[in-house]
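Here you go, one structure.
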Amino acid sequence: MTIQAGAAVADAATTPPRPARRGFRLGVGRWGLAIYAIIALVFLLIPIAYTIAFSFNDSRRTNIVWRGFTLDNWLTVCNSQGVCEAFGNSVLIATVSTVIATALGTAIAIALVRYRFRARAATTLLLFLPMATPEVVLGAGLAAQFLSAGVQKGLGTIILAHVMFCISFVVVTVRARVASLDPALEEAGRDLYASPAQVFWRITFPLLLPGIIAAALLSFALSFDDFIITNFNSGPVVTFPKYVYTAAARGIPAEANVIASAVFLLAIAIVIVAQLTAAARRKRMGSTS
Amino acid sequence: MAFGAFATAAPPTEPAPRRRGLIALWLLLPGLLYLAVFFLAPLIALVMTSLQAPREFGDIGQFDYAFRWENYLEVLDGYWPHVLRSFGYAAAATVLALLFSYPLAYFIGVKLRRYPLWQALALTLVIAPFFISFLLRTLAWKQVLSDEGPLVTALQAFALLPADAHLTGTPFSVIFGLTYNFIPFMCLPIYTSLERLDLRYVEAGADLYAPPASTFWRITLPLSMPGVVSGTLLTFIPAAGDYINASRDFLGSTDTAMIGNVIETNFLVLQNYPAAAALSVVLMAAILILVSVYVKRSGTEDLL
Amino acid sequence: MTHKFDEAGADLQLDGITKRFPGFTAIDDLHLSIPAGSFFALLGPSGCGKTTTLRLVAGLEEPTDGRVLIGGDDVTATKPHQRPVNTVFQSYALFPHMSIIENVAFGLKRRGVKDAATRAHEALALVELDHLAQRRPSQLSGGQQQRVALARAIVNRPALLLLDEPLGALDLKLRRQMQLELKRIQSEVGLTFLHVTHDQEEAMTMADTVAVMNKGRIEQMGAPEELYELPRTAFVATFLGQSNLFTGPIATASASSIVVDVAGRRLEVPRDRAQRHTGEVTVGVRPEKLLLHTEEPAPAAGVNILGPGRVVDVSFSGVSTTYLVAVPGVGVVTVFAQNMVFGPVVNEGAEVWVSWRIEHGFGLSDEPGAAVRFDADADTESIAQQRLQQLEAEAEGA
Amino acid sequence: MTHKFDEAGADLQLDGITKRFPGFTAIDDLHLSIPAGSFFALLGPSGCGKTTTLRLVAGLEEPTDGRVLIGGDDVTATKPHQRPVNTVFQSYALFPHMSIIENVAFGLKRRGVKDAATRAHEALALVELDHLAQRRPSQLSGGQQQRVALARAIVNRPALLLLDEPLGALDLKLRRQMQLELKRIQSEVGLTFLHVTHDQEEAMTMADTVAVMNKGRIEQMGAPEELYELPRTAFVATFLGQSNLFTGPIATASASSIVVDVAGRRLEVPRDRAQRHTGEVTVGVRPEKLLLHTEEPAPAAGVNILGPGRVVDVSFSGVSTTYLVAVPGVGVVTVFAQNMVFGPVVNEGAEVWVSWRIEHGFGLSDEPGAAVRFDADADTESIAQQRLQQLEAEAEGA
Amino acid sequence: AQGGNEPPKPAEDKSDSDKRLVWANWPGYMDEDDEGNYPTLERFIEQTGIDVTYNVDVDDNNTYYAKVRDQLALGQDIGADTVCLTEWMVARLVRLGYVQELEHDNIPNIKNLTPSLADPDFDPGRKKSLPWQGGFAGIAWNVDELPQGLASVSDLWAPELKGRVGVLSEMRDTIGVIMLDEGLDITDFDDADFEKGLDVFREHVESGQIRNVKGNAYLEDLANGDTLAAICWSGDITTLNAEEGREKWKFAIPAAGGTIWNDTFVVPIGSTRKTNAETLMNYYYEPEVAAEVAAWVNYVTPVVGAKEAAAAIDPALAENQLIFPDDETLSTVHAFRTLTSAEEQKYGSDFQSVLLGA
């Protein structure tokens, strides 16, 4: 279509004013998504709200029916048999597994991005497989292995199992970070008289840190929340999910809700504090300009 | 933000690999050895177990090493509906989780970019389910969805659900549970992709006459594909092997049993280890085949 | 909504456009009118609002106030994809998941053009990249990417093409070649080009009209020669090319000229080339208009003479040689001399005089005392200033 | 291992350096010697191996063959952190997790220098960024980042400073200021600078010695004027500034000069300014050395004359005006004329002659028929070529 | 994974130095006060100084066995020093050598063991096991929803109960009461009889009549209303009602008869605290203690003299047929016959196939 510029100019006078349409554009597009997001987040929180609410239930042995509000469950969490012990075990297992898996996985991630070696494809497959293997298979396979090796199941075997399935997740998480790390930075470090070790600790490591922290958090969460693999490999040791599973058969005590709620609230608090500090720092930085 | 990093977005520029040799070896060796001992070896043992035969005159749960490949025929014959059902449920849950997560991830990753505090908070709420035990939140849903729970009561009050119908123990509740439980695994990788999405591409699309929907399909979505792919994998794979949601003690019933439940029953109740192992191998193989086809077709092969 | 894809360009009019970001006014009541088919260059220091202006025109940013008219239509409320405008982005913004040819064909396909592929190939051929059509953007060099961005925009033959530093990544040689090409496309197809650049030479050689922008406002606008030869503010005089500026009180003013007293020397400027005729005034002259003399020239009507001074720096730059002459009490004067012969005409340390014809001088509108200020990077400015002062001091001492 | 941190610079010698990447030879038997305290500029098209050369010197890349000597010591096998060399990276490579001051102090701290902080602040003050010392790199503009990179390297007073396009991100004005500053630091401290740039003017104004690199080899090297006035190859003649090139067989050759027959016109070049004296030869002259005549000049000894031709393009670029003159049978000739007066001397379409003094011509060493080729972007070259041919054809037709 | 060929060796007893004991048991199997404490157990701890950890860990015989079998096969600690499992499972443990021999000298009160239970075929002379509680499997219903009540297993198949019926994952109880309802003899049957019972079961699972099949967790479905009626264990309903604070559910032995079973103490092979376990058994074989437990859990006590002791607490208690069944009651319940391991494998897997919907 060809329209003469001149003709178009002539139309200018008849062009209607515009503000009304702009208001509409602001309205639906922007708020529609926000409203959806709020609803979605509320939906995600339903079972959490339920869990928190029932941590205040004045229950007896089962915690299914609302029987009234009480703070007792919170005040005497550890009175209920095994809850706290199970929780303690879970924290211990998750911490140790996380440390080991993060160290092993980070090393692999660095090697994968920065070095070309022959078995690269095989290595990648070996790392992908555990993520592609259903937990029942992992749990059952490892359990059989421990059995035939005559290993006594307990904290040790749980940790061994957890490290196994966390490594891959750590590698994926850290790898993305390593790949986005500009090698020129390490070169600049070397150029500025830093020895290889100094380059690693002063440049590579701090720059990977956010990725490593993310990997560690993920690893912790996966370990802390794992039931299936743990169930196959824990022997007599009770972890928090295992406790919940067993307790589910006879009604979960409100103390379990208390623990779960506490973990949740703590996590939220940590994030908020961290973010507020970061925001404050940003603000401070900004104002020095 | 913490969990953000697990999208397997192809790195922008894989720097030229330098120096081979010892350092790489030392970095790789501990982790790979670990996986060899605690993942590969059990896997091989599992394959061997899957070929075992019952011990002659043995008690329940006693088997001997053999090469009884009929185990595979038997489990496939007996349980093929469960295999199909598992993949069906997992696929449904994956699609639902994707539909649920994408707009949410988009909102958090793109719209909240300018408000880091809100972004972090919203992200925390997405991963919040991680902090409440998987089992507890599933049980919570079970209570919410139970016949005398608020949802059924309300639906029946509005005659949206027949009076004798229920939600728990149905395929609906199992798929619902799977969807819910894996939403964080879907949402986070997509978020990561979108959070890195360079909005200038979207602007360039608009500049080149693509209306918003077209910009979404041709630019935003393809650019976030790595996140979508890793999200769908992180949802589909564990969902296909899950046995908690479909368990009769949680959201399932007898007609919702998935392959994970079959494996669990054979392993834990019937002490039929070869059958459990054979099923595990079948499940894994099926997943690997599906995943590799999917990854090939979605064009994000550099998965890990 | 139908698009207008004029084979000829459309004219652009910005009507009192203001753009405020939270806490920052990027564009301040901007009025601009670019006739159809012209090549308009927007010049200005980093952060002055050039990109923002282009984004407002493309519809990627909504103005806080004012109207945008393209071809006479008010498009202020129109979405970007509905505007007959294409942009070559400062950052290219090539779609990384599409091949080069898909990138170039993108706009055509969105508009349902039938022979999109053929046209895209033609456009690629135009930027001499058709042999790379199947590659991904990441497989191209920066310069090649920039050319793809150009092809992707040009292929749509938009009524108005916005170019945001489209040649910034190219080396001088390639840059000059692409300039020729751009200019050819523009004049052949008759599109309207709005070109943002920080390369003044580029702006001046290519554009019909050049606007110098500073802090969200157009400081001066006109044909390149006009702008260059008669800058109205110190900002324009120093941003667009170099200038020797001298400030002093008006000594005498006649109907035809004004005379400024600069440290006892009288510098004359034609009245119609001076913006202000009273008080403290800054006058200037371009370095290439100066003549170097090794002996004191005889005073002559129509010529300003400064000197004696000492040559404090001689630097060869190929086509010409730059001489810095420190004139006590006046400062350092820059002189360009085309290298019509080999080697410098005078050497460092020589005593020289400079002269220029009165009609080459210009008088600025700046208020006395209001320092020439630059936006973001003003601080580095002072480095050079210090250096000059230092040179001057040395010269004085010598 | 002790470092040498000379208050004065060290000399650098590259001895038959070759660098092969898998399937690609980036540097080919490179010999280079840079005396201590000099400012050496390396110029060349994109991808010719400049950055690779710098990386080899810094030790960030190992040569496939050859030796690197700094201050006479063979450092080929030495690790980067042990070499008294610092680099200002093309991409800055500022540490994003450290503040500006920490970045600058990094090298000093690694060497255990005591008053690292003080010195770092001094270096920052030098680039006028001390007030931003506490910021993170991401909070600075591109130009500011580049200056930090400079400070980070300079603060170490390395014997040898490698600069990889250190001013690429700055606009012209800022760039010129930083050039002055760099030059001052270099001459004050007496460091040896190895400066990579694609800005020829920058190279020529700043460097003592300029080397033009092409495809991994040094094509020509020398003082800026020398290189500019007497290029030895077509590559150098066209890469470093512009040139008018004419090819033809030798008509006559005397002891003092050679005469080339170009489409029937005889162009004379002094024998000592010509690389080859027999067969098909390419001769050239710089555009600023040409004079435009509106009437046929009388043939005179010592002057080459071409014409009549027609002015096909006049473009104003501030300091000077560029005229393209199409001479039938010869091609398009480019003429620069400094704008000593307002407006063009002649207008498009005018009939003109061009002349230049014989001693301004040069004869190239290129084999006849071997086209002037450029590395990666050779293809765009042809765009301009086409364009010229087109103009020429038009002129011919007229 | 496979059971070892050699039966494992019992662990060395360290009870003298280690005054602790872990006891794994089913839910609702211990007397409880309002604070959730276990009075009889606290008294035991006080008396003997043995620190008992009471774990409510058993929901289902099979799943519990699955959890511990690896350790049992290796002779390792399973996390419990004594556990109460149902006789047929105890029979398996005895057969495989997974339990320790009891020192009757440490359990003088064994004299109070009901004579009919003293010499079972799987453990002649009770050398390795000792009954804890017995009970019946029958039917229960929600009185609010089904005021008319239920009389037989067939009543569970009424259309209005579709999708609201729960049954036990304990094959012997669920198939047992169904077989009885079909007029079959569960003390003596063949494969065909079993098939008949299973077919009925399968039909109602597939039709959706049966909502869920669970271990002891069936109580939750009753509590939250997912099921209105269920095949269940006798004493549990009393406990559930106690919690609800009223008689919301009722239990009955079906017209065609219920099953009877015993849950039995054993000391797993890996326990190092056998003597402590024996001391505990001895304590719970005191008639007074047994009566106190019985009064709360409402299961059949194997302790002679408990009835008298109960009468002393509350005469009505002594008449409770769930605790002290008379011959008439006992004539309505039957014990599922012992299965060979081949039968157990086959019936078990058939039953599980139904549960898996296969």
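Letters are used for the chains, namely A, B, C, D and E, taken in the order the chains are written, and counting of residues starts over at 1 for each.
What we mean here is this: contacts are C-beta pairs under 8 Å (C-beta built on N, C-alpha and C of every residue); 3 or more make two chains touch, one makes a residue touch a chain.
These numbers come from a predicted model, not from an experiment.
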Worksheet item: Counting one step for each move to a touching chain, how far apart are chain C and chain E?
Response: 2
Worksheet, complete the sentence: Of all chain pairs, the one with the highest number of C-beta contacts is A-B
Worksheet, complete the sentence: Of all chains shown, smallest offset between own Cα centre and global Cα centre goes to A
Worksheet item: Where the CA atoms of chain A average out and where those of chain E average out, how many Å apart are those spots?
Response: 42
Practice prompt. Take the average of all CA coordinates in chain C, do the same for chain D, and state the distance between these two points in whole angstrom.
Written response: 24
Worksheet item: For chain B and chain C, what's the span in angstrom between their mean Cα positions?
Response: 57
Worksheet, complete the sentence: Residue numbers in chain A touching two or more further chains are 64, 144, 148, 182, 248-249
Response to the item:
Among all residues of chain B, those touching at least two other chains are 12, 49, 143, 212, 249, 267, 273
Worksheet item: Residue numbers in chain E touching 2 or more other chains?
Response: 1, 67, 217, 224
Discussion item. List the residues on chain C that touch chain D in their complex, please.
Written reply: 45-47, 127-129, 131, 141-144, 147, 171-174, 176-178, 180-181, 184, 198-201, 204-205, 224-225, 228-229, 238-241, 286-289, 315-320, 322, 336-343, 359-360, 374, 376-377, 379-384, 387
Item to complete: Please name which positions on chain A make contact with chain D in the complex.
Response: 182, 184-185, 187-196, 198-199, 202-203, 206-207, 209, 285, 288-289
Item to complete: In the complex, go through chain C and note every residue touching chain B.
Response: 3, 58-60, 79-82, 85-87, 89, 91, 93-97, 106-107, 110-111, 138, 152, 156
Fill in: Footprint of chain E on chain B - complex, ascending
49, 52, 55, 58-64, 78-79, 81-82, 143, 146-149, 164, 166, 168-169, 248-249, 253-257, 261-262, 265, 267-273
Discussion item. If we count contacts the way the header does, which residues on chain E are in touch with chain A in the complex?
Written reply: 1, 27-28, 32, 36, 53-57, 59-60, 67-68, 70-71, 73-74, 76-80, 215-217, 219-220, 223-224, 243
